[in-house]
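Here chain A shows up in two complexes: once beside chain B, once beside chain C.
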Partner chain A sequence: MEKPKVAFFEFTCCEGCQLTVLSLGDKLLDLFESVDVVNFREASSYRGQDYEIAFIEGSISTSKDIDRIREIRKKAKICVALGSCAHIAGVNAIKNFHNQLEVKKRVYGEKAWAFDSILAQPIDAVIKVDYVIPGCPIDKKEFLCVAASISNGVRPFIPEYSVCVECKMKGNVCVYHKPNPIVCMGPITRAGCGAACPSVGNACEGCRGLVSDPNLEAYEGVLEEHGISADDKMRFYRMYNGLVGGVK
Partner chain B sequence: MSGSDVNINIHHVTRVEGHGNIVVDVKNGELKEIKLEIVESPRFFEAMVVGRRFSEAVHITSRICGICAVSHTNASIKSVEDALGIKPTWQTETLRRILAAAEVIDSHALHAFFLAAPDFVRLPSVIPLIGKSPEIVKIAVNMKKLSHDICDVIAGRHTHPISMAVDGFTNLVSEEQMHDLQAKIKQTLENDVPKAVEFFSKLKIPWFERRTDYVCLTHPGEYAFYDGTIKSSETGEYRHRDYKLKIAERVVDHSTAKHTYGPVKPYMVGALSRFNNNYDQLTPQAKEAAGELKLTPQNHNPYYITLAQLVEIVHCLEWSAGLIEELLSRGIKDEREERPPISGWSVNLPDVKKSWGVGVTEAPRGLLIHEYRIDDNGLIDSANCITPTAQNLANIESDMRKLVPEIIREPKDEIELLLEMLVRAYDPCISCSAHILKVNFVE
Partner chain C sequence: MKSYLVSKGDFLELIDGMIENGKEVVAPVKQENQANFKRIKSTKDILWSGPQTVISPKGFVFPQEEELIEYEVEDGIWVGSKVEAKSTVLLGIHPCDINGIALLDKVFAEKNLDENYLKKRESATIIGVECLTPCSPESFCYRKGSVLPWDGFDLFLTDVGDDFFVEVGSEAGKTLISGISRKTIQSDAKKLKKIREKRDNLFAKKQRKLKPKLEELPKLLKENYDSPIWDERGAKCFGCGSCNMVCPTCYCFDVRDCVEINLKKGSRSRFWDGCMLTDFTRIASGEIFREERGARLRHRTNRKDFYLFEKWGRTFCTGCGRCGKACLTKIVDPLDIENELYGRKGRR
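Let's turn to the complex of A and B:
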């Protein structure tokens, strides 16, 4: 069987998801053996255009991004959104909820006009996305599973249940019930990370996006019980999920 | 070679983090234009944190960079602690130091082995290097794995650390876990380091020299990474809150190549600056490695940055093994009840008064500064973040301006390679240049 030709691209992001790929250790060497990486700017000077599978990291946030990602879509048979920024616009979308001119002025001052910047969008706002690997950053194991499924023509498995399920399975004490309680989005966030954050005592911030049918009413009841203000609630939603439907 | 025209336009330099272009224009043998264009999308982190709770900034700003996430986390937390007048416990700061060391090992290993080394053996990437020098690639993979193991245990993961919070950690490491890490570190020092040093000592480093101002943190007790005062080899020392006496930012419009902001005095930050300024505080094995690599202070060749990184890998391995030793001899305590860490999304936050703070730390690529102003409600009013790459840009351009006339007789692809290697030597982390700014030197 011929090895599938794979490319990695990035738009607005920290490149942490591609770095996660580069940090697979022994598995990285296996990956390089089982697929043909033809374009991976972060790691290689070789820039092939004959790719079949494109892993795309980052959000769309400049007008130039739109043309560039459409070109990639034309060439690739399969496009995979890699990480929160590509999947749900990630932390990049935080700026969408500020006055755009002020945002630019705050960083670039009087030269603000010179910088091309549009509201941050997930990549599926511009192109058709075949598969998603959620997370900020992506989970190593999940990446390998999804990459293996796709190269074998199988639909990858991404859980449909919430982070709480994985957290309970690990036997963690709920962070809402600790002596210094922490607001956690585990009840409504899509699992698959092994409850990475609550397992080390911190909040799930919702980086993997919400489950398809989140029980927002019950969740907001929990927030109310803990005396969370409406402002704080919106700030938490808008860490990763400001653009996700259903959250208001 | 008078009368020659050389036009180089390297679009999206590869094997660096983020997007940058090199533009060189020589007409009739005269250098018309030279610049390193930063074309990374602007990200607006300083605006994103405005209106957020002070303790939330850390998980937002760590997303500036996938590779120096621990450094951004340390700088962010330290800025908040500086504002709030919090002095964390010895244990907390020691764990942060170990994380900083791990990040240096990871980042330098990625750069030296995966990104820079292929140039010296004329390969396009690390992938064909696997066939040519499998042992070296394996060492790099091991070192990266080790630093990830350290970060996984202490902070939940490396990109992006989870349990690091204002005034502590939300998790607790066990002594057994730290014992394991220490054993792994010692193994790497024994088995991998000598081979790595030997490999790099045989590489032919391009010859080029330009003396510049070397800027980094310095600390009386250690080769500074986590904390210290700002030291310039030319103009002396500055307290962290006085960083603006040394560093002022200017927005540079890359569509016009004019310098309308007065004289720019570039300086270098990063491994070579630290090596030049703080050489005496390196661990014995790191000094030994420097000797084998023929790297001595003061070194003025930026291509040697990669070797200085290797010396720092050795230093960080030995340093962190020592820190773990001390941690274990004092015994690891659960301090969370007495001093609850202030997590971003803690239900209860302490009362906060209007305040401002500055956090300085050494990221793998050099001096990193976060500064926040906090209002009476504990919300961030304004933020400033100065990344190492933003500080190095002016210095890289100055290097290119001196280098190009020296190599103008070489074939064009050789000039291109030497320029790309120069930019890559600085290990620029362009996604980190959260804002496209040059840093001016204030006399």
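Let's turn to the complex of A and C:
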């Protein structure tokens, strides 16, 4: 069997997901053995243009991005969104909810006019995405499983269920049941991270995006019960999920 | 059933000795403002009564994630099944959870013997402890006839002062305490009876009441298959499955494969699953069989107090109250649901 050719691409992001791939240790060598990595800026300066599987990290946030990602889509048989910036525009989309001129000025200063910057979008706003590896950053184990499934021609497994499932499996005390509860997005956020944040005493911030059928009404009821104001609620949604359908 | 007296000091010493000799002993320990089952280093860590553990101890015989098969594809294909167990003592298990395991024992040994479960189960020694005060405001074990174990324990302890009154449920249990046990006399049995009467009175007063009769629950649920309360409650459901995960009697699992990135090795594992989850009702073709959350809630409730109750002649809800606590929108508690169904029946 010929090894599938794989390329990694980055748009607006911190490249932390690619760094996660790079820090796979022994498994990284296995990855390089089972696939032919032709493009991976974090690992090599070689730039191959011939690939079947594209792992794409980052949001679309300039008009040039749109052309570039369309080119990638034309060449790749399979496009995989890597991490929340590509998947749901993640933290990049926070800027979408502010005055764009002010945002640009704050980032680029007086020369702001010279910079090409558009509203941040997830990559599926521009191209068809075949699979998603959610998270900020991605989970190593999940990346390996998905990458292996794709290389094997099998549909990868990504949970549809919420973070609560994994949180309960771990036996964590529910964030909402602690003496001083904080807002946790677990009940509406897609699992797969092993409830990473609630397991260390934090709350889920929703980096993996929402479940496919979130009950936002019920969720807002829970927030209200815990004294969360409408403003705070929006801040929570907008941390990662400002652009996700249904969130208003 | 044989019973003995064992001094508390002797018993704890016995267990500590086992721990020192490397035996894995699991017991409830405090965790923040609740509790959890953990491997203990000393009997001092044990939380003998409330607050309740977040999840039941079923994971020690039916793990959250369990590898069933490994395989390798090199020149040929090699497949090996994985049936593993570690000898473990589960100590301080409350009656609701002993009964939960007793029910799993029936299910996993029905027709297809589930080797993975049975091996772990055989390797577990279950030492229960009687609850003399309710562990949480959510629990309703007394209403489900579950303040005492039905079956499925090796030893069952009741605190009678300086001693434990010990009921023996297996040969292994008997052997375990053979060096420290004393025969009980009639006055001990009387003392136990008194303690239990007091416990009954306390639980009857403190725990929420079940309005319908326990044995009528299957009929009540059957008659209310089309009740509007399923959708009313379902509208507030996240489909988060917390109620399934914490339950001592939920036993559904999903089976998934994971190929290693070298594409040469892989494994097949099972994971806890739950009827409230979308993934659970979605089949391979993508179709969802039970789309409405209300219908899932009905299914969950019926599995506890209708279908399995009828099939096995015993309620599959031991009244531990964990689901009622775990559910953030407070819709899932079986006792609540059953009381509401009962109350809405105008004729009663």
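As a working rule, the second predicted complex is superposed on the first by the 248 of 248 C-alpha atoms of A that agree within 3 Å, B and C clash if a C-alpha of one lies under 4 Å from a C-alpha of the other, contacts with A are read in each partner's own complex, and residues count from 1 in each chain.
We take it that a contact is a pair of C-beta atoms (placed from the backbone, for glycine too) under 8 Å apart; a residue touches a chain by one contact, two chains touch by 3 or more.
Because the structure is a prediction, the values reported are computed rather than measured.
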Contacts of A:169 with chain B and chain C, given as first, second, both or neither: second
Partner chain in contact with A:22 - chain B first, chain C second, else both or neither: first
Comparison of chain B and chain C by chain A residues contacted: B
Touching partner for A:98 - first (chain B), second (chain C), both, neither: first
Partner chain(s) touched by A:47 [first = chain B, second = chain C, both, neither]: first
Which superposed partner A:65 touches (first chain B, second chain C, both, neither): first
Partner chain(s) touched by A:179 [first = chain B, second = chain C, both, neither]: both
First, second, both or neither for A:230, with chain B first and chain C second: neither
Chain B/chain C common contact set on chain A: 179
Chain A partner contacts - residues on chain B that touch it in the complex: 12, 14-18, 41-44, 46-48, 50-53, 56, 59-60, 63-67, 69, 106, 110, 114-115, 118, 124-127, 130, 137, 141, 144-145, 148, 155-160, 162-163, 165, 169-171, 251, 253, 255, 336-337, 340-341, 343-348, 382, 431, 434-436
Parts of chain C lying in touch with chain A, wherever the complex brings them together: 31-34, 36-37, 53-55, 59, 64-65, 235-242, 245-246, 256-263, 272, 274, 277-279, 282, 293, 325-326, 328-329
Sites on chain A touched by chain C in the complex: 27, 30-31, 33-34, 144-145, 147-149, 151-152, 154, 157, 159-162, 164-165, 168-169, 171-174, 176-179, 186-188, 211-215, 217-219, 221-222
Residue numbers on chain A that touch chain B, as the complex places them: 11-20, 22-23, 25-26, 28-29, 32, 37, 40-47, 58, 61-62, 65, 90-92, 94-95, 98, 102-104, 106-111, 114-115, 117, 136-137, 179-184, 196-197, 199-203, 205, 226-228, 232, 235-236, 239
